[in-house]
Structure formats: C-alpha cells, structure tokens
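Labels run A, B, C, D, E and F following the written order; every chain starts at residue 1.
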Amino acid sequence: MSLDPPITAVREVVARAIAEDLEPDGDLTSSLLPADSTATARFVSRSDGVIAGGLCVNETLFQVDDALEVEWVLYDGDRVTPGSVIAEVTGSLASILTAERTALNFLCHLSGVATLTSRYVAAAAGGAQIWDTRKTTPGLRSLEKAAVRAGGGRNHRGNLSEWILLKDNHLAGLGITDAIARARDQWPARTVECEADTIEQFEEAMAAGADLILLDNMSVEQVVMCVEKRGDARRPLLEVSGGVNLDTVAAYARTGVDLIAIGALTHSAPVLDIGLDI
Amino acid sequence: MSLDPPITAVREVVARAIAEDLEPDGDLTSSLLPADSTATARFVSRSDGVIAGGLCVNETLFQVDDALEVEWVLYDGDRVTPGSVIAEVTGSLASILTAERTALNFLCHLSGVATLTSRYVAAAAGGAQIWDTRKTTPGLRSLEKAAVRAGGGRNHRGNLSEWILLKDNHLAGLGITDAIARARDQWPARTVECEADTIEQFEEAMAAGADLILLDNMSVEQVVMCVEKRGDARRPLLEVSGGVNLDTVAAYARTGVDLIAIGALTHSAPVLDIGLDI
Amino acid sequence: MSLDPPITAVREVVARAIAEDLEPDGDLTSSLLPADSTATARFVSRSDGVIAGGLCVNETLFQVDDALEVEWVLYDGDRVTPGSVIAEVTGSLASILTAERTALNFLCHLSGVATLTSRYVAAAAGGAQIWDTRKTTPGLRSLEKAAVRAGGGRNHRGNLSEWILLKDNHLAGLGITDAIARARDQWPARTVECEADTIEQFEEAMAAGADLILLDNMSVEQVVMCVEKRGDARRPLLEVSGGVNLDTVAAYARTGVDLIAIGALTHSAPVLDIGLDI
Amino acid sequence: MSLDPPITAVREVVARAIAEDLEPDGDLTSSLLPADSTATARFVSRSDGVIAGGLCVNETLFQVDDALEVEWVLYDGDRVTPGSVIAEVTGSLASILTAERTALNFLCHLSGVATLTSRYVAAAAGGAQIWDTRKTTPGLRSLEKAAVRAGGGRNHRGNLSEWILLKDNHLAGLGITDAIARARDQWPARTVECEADTIEQFEEAMAAGADLILLDNMSVEQVVMCVEKRGDARRPLLEVSGGVNLDTVAAYARTGVDLIAIGALTHSAPVLDIGLDI
Amino acid sequence: MSLDPPITAVREVVARAIAEDLEPDGDLTSSLLPADSTATARFVSRSDGVIAGGLCVNETLFQVDDALEVEWVLYDGDRVTPGSVIAEVTGSLASILTAERTALNFLCHLSGVATLTSRYVAAAAGGAQIWDTRKTTPGLRSLEKAAVRAGGGRNHRGNLSEWILLKDNHLAGLGITDAIARARDQWPARTVECEADTIEQFEEAMAAGADLILLDNMSVEQVVMCVEKRGDARRPLLEVSGGVNLDTVAAYARTGVDLIAIGALTHSAPVLDIGLDI
Amino acid sequence: MSLDPPITAVREVVARAIAEDLEPDGDLTSSLLPADSTATARFVSRSDGVIAGGLCVNETLFQVDDALEVEWVLYDGDRVTPGSVIAEVTGSLASILTAERTALNFLCHLSGVATLTSRYVAAAAGGAQIWDTRKTTPGLRSLEKAAVRAGGGRNHRGNLSEWILLKDNHLAGLGITDAIARARDQWPARTVECEADTIEQFEEAMAAGADLILLDNMSVEQVVMCVEKRGDARRPLLEVSGGVNLDTVAAYARTGVDLIAIGALTHSAPVLDIGLDI
C-alpha cells in the first residue's frame, strides 16, 4: 500500500501553495540576505507522532529551488519523538527560508492527520480498522487520505463517484430494499453501502445484500446486536459512524465491528509540531 | 472590513473541491433518486460558535446547480448556538445531496477557524488583538484569513511578499540594525517587523525603527518589560508570538502588548459542527 | 442513473475546446457576416443511433454566446433515425456558426459512443451487461463513460484509484490468494477483481473471495465452465474481456456471464453523423 | 516537417490524463506490489499500421516516474507489423503498470489516426493529398493533427482563426464575389477558401480569386469538370470534401484535384492495437 | 470584421488580472467603506485616441460584482477626445473602486494600441495597410491583435503555427527556391511568406511563388523597385518591415507596397489616458 | 533585494506565452529545417539601456527545448550599449528559432521597463526614489515589478490586498481622520497611505498618523510646503504622484520628497531593442 498521494495532485497543490506565499514580489525578507549564503537545515519533530507529507516537502523544495539537496532520515508512516530528525536540506539559505513555511504547512498538517489516525488505531487495538471520511479539507483530499494511510488507517470511498452510500435522505423516497436493488442494477460491481439507524433497517439492508452497512449513531449495545445478527460470514462489512471519539473508540472496536469511520481524522486534526532548525 | 475572501479565490477553490468529489462518474447515489424530487434543507448549527464561509457555500450550490435557491438567515461573523438555522436551500433533492458534503466541508472548517478565533478574542478581552499567521492550510489562505476576520481577529501579513519579517535566521548574518536599514532602503513603506528573543534585541530593534517587534517565546514578565520600555507612543507595535494558548492568552493580553499571533487559529482549529437537515 | 457527466468536467473540457478552435483571432469567417443576422438552426441526425453529449452542446453554445436559446426535443439516451430533430438553437447567426463545429464534435463523438454501446447491448440481448473499460480518450473519460450509460451500457471502474484489478503482471510476484488477501486488508470494502486466464486461476480467485473475476480471452466453452462452477450465487460477478466483437458478443452473452467489457465502445467508436441545418 | 505536436500541448494533456486515472488514491493495485520490483516492458504492435504519439508516451512515463528509462526503436511515422517492438521501458514495475494504460491510450489512438491516414494516402496513390479537418476530438486537436502528418497526410487549417472558409451558410447573405472581396480586405494574406456546391459557384469563386475551392459533395464527374476549368495554373487549389471513403478516394484522387479532406481520419479512426509486454 | 478578441481569452486573462490585484485579502481600502454605498462612475477619455478593450472592461466588472450595471456610449474602434464619455457603470461603490484599476489597465493599454495603430493608418493615408507583428505582450496576443483591428490595422499571422515565414536564418541552409517548394509541399494552402533583404532575393522569392514577400529594412527606393518589378498583378503581396516609424511611414506607403508591419503597435504603445470619474 | 520575479509566476506566464505562439501545429517554418542543424546565437543589445527578464528567457528556452544551453554574460540590472552581448545560447537551430520571439518579447519588454525606470532614477539624481504603480500590464505584474527593481526603482504596494491607500473617492464618505483610524483598527500594522490634494488635507493626514501621504497632482511649490511642514522626522513618507515626467521629475526630486510614483514605468515603456544574432 503506497503511503504517497498521486504525484499529479502533489505537483498542483504545491505550485498553488508556493504561488500563494510568494506573489507578486517574492520573499522580501530573504531577498535581503547575501546571495551566496548557504546552510544546512533539519526538519525536527518537537513532539510525538507519525509523519506524513514527505513527498509534498520534496516537491516544495524542488519547485522553489531545484538545486536544494534533501536527505531523508525518516519516511511517511514512521513514528517520531521530540528531537527526531526527519530530513536534512542543504543549499542556498535564502531558498531554504523561502520554502520553509510552505514545506512545514504541508508536513505539520499531514503529520497531524497521520498522528491523530495513529491514536485512534492504537485505541482500537486491532479490534476494528479506523477509516477516514469525505470530511476532508477542500483541495487536499488525496493528500489527507494518504496521511490517514500513513497513520495506519484505511480509506473510505474517495468521493461520490466511487461507490454508493445510501443515507436516510436517499432512502426516504426509495426504501432500503428497492434502493439497493436499483444500485446493483445500475452500478454493478460497485460497493453498495447502506445506512442503518435501527436494528430493523440493519436487517433489511443485510437481507437486501448490502456490501457494507453503516451503523449510524448506534450505541455499543446496538452494534453488538448487529454483529451477532451478521454471524460468522465476512460480508456485509459493518461500519460504525457518528460521534465516536478517542474515549469511546475502544468500546466500539471491541464489538467485533469491522471498521470505525472518524471524520475528525481529517477535519479536526491539530498539526504535529515540527520545526526547521538551521 | 469585508469578511469575505476574494471572489476569484472562492470560485477556483470551489470548482476544485466539487471536481474532487464528483469526477469521473458524478454522484452515483443521488443518481438513483427520482429526477423530479425536490426538497428544502437547512444548514443548522449543532454547537456554539461563529460562522464563516457563507460565500463558499453559495458558490458550491451555484456551481453544482444554478437553479438552487438559498436564503441566508445568518451571516459570516454571526454567533450560533445549537439549533441556529444558518441558511435554507430549496431545489432538486439530488443536487442538494450532491453539494451537501462540499458545502459543509467549507462551512464547518471555516466556521471552526472563526470560532476558535472568537474564543481567543474573548479570552484576550480587548487587552490585545488576536492575529493569524502564515501557518495556513495550503491552497486556502485567503479563505482562512477571511474566517479569522469573521471571528473577530485580525490578519497578519498575507504572505512573504507583503512585508518584511526578520527572524533569527535572517538576522544571523546581518545584525538587527543593519537588516532594518537595508529593509527600509530596499522596500520603503513596507511594514518592517523584527523578531526579538531577548530584551537587548528588542531595544536594538526599537532603536532601529522597526514598525513591529515580534516578542518571540517571551515570558509574561519579559513582555511587560518591553511594553514599559516602549512607553506611550503607538509605535512600534508589539507582537507576542510562540506558545500562547487559550489558558495563557489572557495573561499576555493584560501586558499591554498590541497583538498576539496564534498559529492554531488556522492550523489546528477543529470544525464547527454544522449539519444539513432536510 | 444520471446520463450526464459531472458539470465540472463539462465546463473545463468545453472551455478548452472552444479556445482551441478560436484563439488567437476568433472566427475570421463569421466576422465577415452582418452583426445583426439571426438564425434558427436544428441539430438533425443523418443516421440511426443513440444520442449523448447534450450537456456539452448546451455548455458550448452558452460559453460562445449566452444569448443563444436552445430547445431540446430529444435527450441523451434517446434513439434517432435519419431526419430526427434533436434540438433547435436560435440567435446570432455568427455565434451559431462559430459554435457549430465544437458542439458537433462533442455531440457526434459522444453519440457515436452511445450508439456503438447500444449495438452491443442489443446484440447481448439482455444476456449480459455491456461495460466500458479504461481505454478512453485522454481528457474525456467522464464524458465518454456518461455516453456509455446513455447507450444502455454500464461503467467499469472509473480509474486506477477506484477498485483493485489484479492482472497477470501484478499476480506474477504475488499469487492470486495472497494478492486478494492483501487487497482486502489494505483496501477494505473496495471491489477486488482478479484476472483469470485459466480455469485453475478462476477457481483460485473464487476461493479467495474475489468480488469480480475477469475471464481473460477465454473461449465461450471456458466461460460456460466458469459460470457453472460459480453456481447459483450472485457473487463473484463474472466479466468476459478480450477480443469480443459485435459478431461474438451474443454467444458470450448467452453463457450466463454477468458482463462483457468492450474497449471499442470508447476507443474505436465512429461518430454518429449529425448535422446542423440552418 | 515535424511529426511532433507542440510540447506545451503534450505536457498539459498528459498531466490531465494521468490525474484522471489516478486521483484521489493513486493506483491501488500497483500499491500492493513490492516496492523494489523492477521490470523491462516493450510496446509491441499487434497489427499493421503507422505509429504516432511517441512524445505523449515519453511524457506520460516521465510524469509518472522520472526514473523510468525509455529506449525507442521506432518513431512516429514508422510502419509496424504484428510483433514490431516500438520502444522499451525499464524501471519500477509499479510505475510501469501505473503508466501503462494512459501511455497506451495515447499511443493506440494517435497511431490509429496515423494508420487510417496512411490507408487513405495509399489509396489516393499520390493522385491527391489527404487532409484532415476540424472534426477532431475536443482537447486533442494538435495531437491528432500531428498524427495525421505522421500518417503521410497534410493539415487543413488549424482552427477558425487561421484562414477563411466561406460555407453555404456564410454565403447566403453575402454572395461569393462580395464575400471573397470582403475577406481579402479584412484579412489580407490569409488563405481564402470558398465552398462550391455547383459548377456555377465554382466558376464564381475562381473568378473572385479564391485561394482554395472546396468542392462540396460533388460527383467525380463534376470534379473532373472543375479541374478542367481551372486549367494548368496551380491556383486555386481544389479540395474535395464530403462523403469520400476508402472505396471512393482513388476515383477522386485520379481527377487531378489537389487534396481530399477526410473527417474520418480524426473522428472515426479505430485504435491501432498495441500492447505492453512485460 | 469583429473588433473583439475571443471571449475565452478574455475570461481567462481577466480572471488572472483580478486575482493578481486582490489576493489574498481582497481590497483592504474598499472594505472600509459602508457596505451600502452606491455610485455611478464614468469612463472618460483625457486625450485623443481610439478605444479598444470594451469586452475586457465588461468582463472585469462582471467578475468583480455581477450586480454592476454598465451602459456603453462608445465602442471599440470609436474615436475619443478629451472629455468623451465611454461608458457608465452603476452599483456598489466598493465594487466599482475594486474593479477600477484592473478595468483601466485593460482599457488604457488596449486603447493605446488602437490609438497608435490609428496614427500609423492615418499617416499611411490609405497607401498601404498597417499590420501588427508577433512582437506582442506575453499572454495578451489575442487582445492586442483585436486592438490593432479597432485602430484600423490588420493582423499579421497569429503565431508560428499559422503560416510560413522564411527569414534569413531559415534560408541560410535551404535557399529561397527550395525552401518555398518545401513549404508548399508540406503545408499546402498555408500562406508562404519569404524575407528578402536584396532585390535579387526578392526576384527569387517572386519567381518561386511566395504569397507574400517581406522587404526587410529596404530603403524607399528599393521598395519602389520591387513594386515595379511585381507589376500589376495582385500577388505576391509586398510587406515592408523594419525600422519604419511615424515619420517615415508615409513615404513607404506611397511606394505602392501592400502593407507595412509595425512592431511598435503592440510592443511600445503608450497607454491612452482614460480615467474613471465618480 | 532580488531582481527576479517569483519563479512560480515565471513558469506560468512563460508556458502560456509559448502555447500562444505554437498551438495547434507548432512552428511550421522551423519544421522545414534539417533536424540536425545546430547553432549558437547571441542576445545582443541594439541600444542603451538596462536589462531585465533573464529568468523569463531562461525558462522560455528550457520549456521549448531542455537541451538548449545558455551562458549569461550580463544579468538583470546591468547596463548595455549597442553591441553588448547579453547571453549566448547553443543547440538545435530549429529550437532556437522557435523560442526566439517569445524570449525576445519578454526580454525587450522587461528591459524596456528597467530602462525607462533607470532614466527616471538618473533624472531624480538621488533626490527621491522612483516607484512603480499598479498600472501594470494584466498578467505580468510580478514580472514588471521585478524589472522596476532591476532599473533601480522601488516597488509600491503589490496589489489592493497589501496596504491601504485612501483616495478621494474613498474619503468622500469617511473623512481623512476617521478613515485612517478605521484602517488602523481593522488592518493594524499595514501601511496606511492617504491621498492629499491640498495642504489642508496633507495636514489632516499627517495629524491622523498616516504612514505615507500621496501628494496628488501638486505643484513643486506645494510639495515643498508639505516637506517643510513634515519637518525632520522620517515619517510620514511623502509620495509625489500624478503627471510627473522625465522633464519635471528632477524638480520634484529636489523638493526633499521621499518618492515619486510613475505609472509610465510599466504602462508606457517602449521596448529596449535587443536582437538575437545567429
């Protein structure tokens, strides 16, 4: 499983981020430095976590100044503690300072996502997988989903085009059984997921052959009941979603559910504190 | 003061976000609905906070289906409590469901930034302004800076091209007095800001005529000392930066410093929980 | 099921196509016409087929001149015969002539895809679904996949990111059983498809729990054997791929296989002959 | 005459095509492979034809992984037979498999255009040149026009901005003589082409000094008459257009007409079957 | 002949220009104004000239605030004197002030091009046409070429792809006769132009059948000689290029040459002074 | 102070400029040359001036053909006289001729800006700095501002987002004192500039604490009066703007004003005549 986002997305997002920080007049402050100053700088973690975003850092440094040289010590998915050296960059001091904040904005945010994911993964203790959601930062979805993988999580559907997820608002006019049949007919071989708010809905969705059932805002007890009703077969996969946090994730993970979707991984992860020491 | 980001940035970011969620095959699930289903949906807050991102929601709905009609009840900068209706959208049910997540991703993230900002502003109790930093999400800088304004904060420099900020790494080879003189000569009328890690550096920067002095990682006592040394004049403005959080911001605000820069406003704000009720 | 491609893709592709035909000096020939000439023109089919691409025509006319008025008589997915009027556009003659070729390039190509699809669908006579492949024209994937739907076909995976398809080159180093297990572990709930070149591989893939098995270049007899071995259960879905054409598709469809993937739908469909009569 | 399209167009189209196939999560299947697997793969023709699109293949491989090494055996414009090795690529197996389909989509489509062109050129047997039209695939015009050159054809006007082509709908309000005079006055030195549906129109267009006369849907006999009326001078050039196919092209070519425009070259060319053998 | 540039180019260039002037924080100064202030403003000429760029002004106002209403009094190609009212815009004062400079940058620059063109046209007094060159401002070619038309000039080839122009550096290795034959063969029906530095080269180019001969840096006497040698036929067209200015253009125009190409029209035109009066 | 524009802007603008000159069919004329012709060419000045735009030339050559080798003799900001060799490029003759015009369009225009700037700087004789304005060519702002620096000038605010400039139309409804207070409150630490048309307005703006006062269309005598009223302190900076030309700039510079803003630097600079000798 690659921990990198697609290079096409990285190139585009990095180009926009650098332009956003430099135009129209470039880095005024670095332009005051002697042109021939060089330096070596280290990306160093200031706290505990998991890193992600290495490819974005590389691309940022390269786009700012392709003469900068980077040596990586740690890679996406690696754990860091305060003081861990992640990478070392050598070259023009002005270029390094120009690229610093953009590179760190990527590295700290994506490592923040990876770190929060790794906390949920640890709390679930292997009882269930931790998945992301579509609650991502606009423009950064593919980067954040790669960061979730770096943190040991798994990716939910990439977007609305990838698989069917029938939520209450879709089901209102259709009914679960009919909706799933329609989905199978029109989008065969796509994963068909169905939300269930009650045990009855769960049973209907299972009977209708959903691949994945989203147990929405259910209590641990309700989830246990669903797991038992499913029995030993692997399918449908059961997803817990809604209101699970680091305190409650372990209880849900112990139910035997397959996966727990956590919007916070991508919408509310604080940055991992990483600095650039020169 | 406009609480809106530039419309050019909104158009571009929204177009990318919708494409990211829809391509290549569109919203499979909504495509199962009867084509003529219509609905009215309300953006409703589930918690306390300040909203931001209204322009992005508008643009998202418009780009997905320009026949959707939106009525706004509350505006960027308004406070919400659980149950507050923010806006109401009427039109095709399929279009509303297709736009829902993208619209909410903007609204929840930017309102999260506004809300966290408002907490810092409240904690500072008027003793000092709360400013953002360049620690923004790549690609969203102008949107996040508008959200900071919606939350009652103020904007630091927009990017590296806007004003001079001499940090320790710039000063190493130049010295404060020389660096400020050089900045004044080469970039006249630009704001010249200088970092000071010690009282001595502060005094040198003040003597050299900095417009703004960043008191980096100083204790409350050190900050008080700097404020006293500045005396009654308005200039230089004094900025506290580094390690200030919601617990410590009040103490710093009471020192008489002009502003406190908080990276967390944009890099670590959790979303404001807002839902779409249909 | 929506027969439209995502509007975001349509807007971008149309803008590029118009620019490609107009820059730098615009339509020289139309510029010779009197500025106030108006006309009504009809998109009329010159042959039998199924139309697709209506949204692209709309967007082309709108981007060239938003005062043009279009009335649609037939819609994507409708059948046409020689002489069928598809739509009527009224407004500036110069604008209509400027937009004509770009609009027709979309309409004829996408209707060509829909028409060829409908021929395969008719030949399969309901015995199996007809699917597209990733053998699409660069830059037009989402448009062509919508055209396949308009022709009565179904869409295979949208791209490499949507589901797993283990082909011989992937399997060489991994083995079918291990590869499927690895896919399930790393990309849970994604459709996992596996290529089988022999009956033995088919059996291994079925035992390993593939959702979909691609029967690659198998004879009708081999396919019959696979269908029998699968038995009555719905899963795994069986896909026939490789070398099927309009002459042989019926025989494969009668085997009881679920779907037949036809690269030619998108890579070799001749245009449907449609003209603009003024 | 360069057989390559402009590098700017290639870079843009390839970047879009790769993104279209990879985002948001990258190539899931290749991500299951061991990271250090390498391979050598050959682009091999499975049928007879002429190749085009080499620059697109190069750019695709480079953008996916700039460490891939490609060695070309045959070049755009070269003929292939089943088994001909076109190029060999060496490097990461995962990268090769990720790039495979996008590279082949370019190579097979553009070689299909070159091959169909070469068939028309052969059928015309030097009696007339074979030209393309503006009936190209949206977004790919410059690539397809280069492929026509690779197949031995020649390029008609690039777009509406390049030269004047007065068709019946333009002429309705203006008259041939006036229209040509107007074109000469307003767009001097541009090629002025005029459609003629009858011998009378042909004579009027010739008298008015058209550079090029499009003989629209004329019979072979009518074309012969026009050729004779033109006499020995080189100008105006005579173009046959409309309804010419591989069966009828030779007869038209023998008339002494200068060129025959074939829309099918770019709008209906089936792919050339080329595979990647690993 | 349309005096407008292609709308696709206008939309793109205007979007970039507005973003360039507004991001990241929007128009700080206008944001200080009361939100409900409205105004009527007039674009008024401060000097004599010819206007161009109306479409760009419209698009700028529309993209900044689609509620602004514009009424045009004068159009591209119209003459103005100091005090001439060109257009009137009504709506939000803040929006008008935000759009002002970008709209004026287009209008003043393009009207400057049109005005300088009209001076050359007047000086040539109908003796020869005035043409532009490829010496345009990067990114603005189609806009500047439209402005040349507004000023009464004509457009040379749009770019390197439109027609053949054999200059001394091309001819060094080929020879005029061979080069023209090669051009005719490979790019039939394209305009073939050839540079001539001497009377001998002129004669060779004429004999070889060039459509257009560029008389490079010739004296008025040499030009007269070429015109005489051409005789009464219309072809080849004769172009004077190199070092012609407003003082010398009349003498060249009187030679009977067809056209005079003036790089200064687009590379050195001072703006036309136009203001916005509120 | 860096004389280069941001590399992100250069890459984008150059890519557009090359595409504009090459699409759809590439450089027809160069395509006639033998593929293996190589050459060495020199960028040579034909007049006196200051060069700028070296980075754009580099990027143009690189994007057209990355095998071209360039050696720079002179750099942005250096003075040239007729015959000065600026740079030498070696490689494919066809590539050099294809890139020639685009490279020269950048170099001549930007050197024109630098040269005109240097004339104003010389005329001001150190008595005041010469600044640019926002009257730049749409899409080229960052390039032109770098060229102003190369000519010895200084940059005014980059755009509307950078600092506050209160002009008469803003002040009409607000009053100077209130407007400045409002600006200080809402956009602290930003430069606040205020226009003054009269001595009274100047005094009010100074009293209100403006950082910079724009003395709009004042006579030399009025400016002298303002300089005297300001006294010895450095702040506020005084800017002369409006109607200053090369004849009058010296008189204004001698007044003791800090800076003179000249729109003509970017909106009306004629090109510097530079050629490419092969």
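The rule is short, and it goes like this: contacts are C-beta pairs under 8 Å (C-beta built on N, C-alpha and C of every residue); 3 or more make two chains touch, one makes a residue touch a chain.
A quick note: this is a predicted structure, and the numbers were derived from the prediction, not measured.
J.: Comparing centres built from CA atoms, which chain ends up most distant from subunit D?
T.: Farthest by centroid: B.
J.: On a CA-centroid basis, which chain has its centre farthest from subunit A's?
T.: Ranked by distance of C-alpha centres from subunit A, the top chain is E.
J.: Any idea whether B-C or E-F has more C-beta pairs in contact?
T.: Of B-C and E-F, it is E-F that has more C-beta pairs in contact.
J.: For subunit C and subunit E, let me know how many angstrom lie between their CA-based centres, rounded off.
T.: 44
J.: Between subunit C and subunit F, what's the gap in Å when you average each chain's C-alpha atoms?
T.: Averaging C-alpha atoms per chain gives centres 51 Å apart.
J.: How many angstrom lie between the CA centroids of subunit A and subunit C, rounded to a whole number?
T.: Subunit A and subunit C have C-alpha centres separated by 32 Å.
J.: Mind pulling the residue numbers of subunit C that touch at least two other chains?
T.: Touching at least two other chains: 1, 6, 20, 22-27, 30-32, 141-142, 155, 158-159, 161-163, 186-187, 190.
J.: Which stretch or stretches of subunit D touch subunit E in the complex?
T.: Touch residues, subunit D against subunit E: 1, 6, 129, 154-158, 161-163, 186-191, 193, 209, 211-212, 234, 237, 258-259.
J.: What residues of subunit E sit close enough to touch subunit B in their complex?
T.: My answer: residues 15, 18-19, 22-27, 30-32, 63-64, 94.
J.: Going by the contact rule set out above, which residues of subunit A touch subunit D in the complex?
T.: Where subunit A meets subunit D, its residues are 1-2, 4-9, 11-12, 141-142, 145-146, 155, 158-159.
J.: Quick check: in the complex, which residue numbers of subunit D touch subunit C?
T.: Residues 13-14, 16-17, 20-34, 37, 39, 56, 93, 97-98, 101-102, 104-106, 108-109, 112, 134-142, 159-167, 169-170, 173-174, 179, 182-183, 186-187, 190, 263-264, 267-271, 278 of subunit D touch subunit C in their complex.
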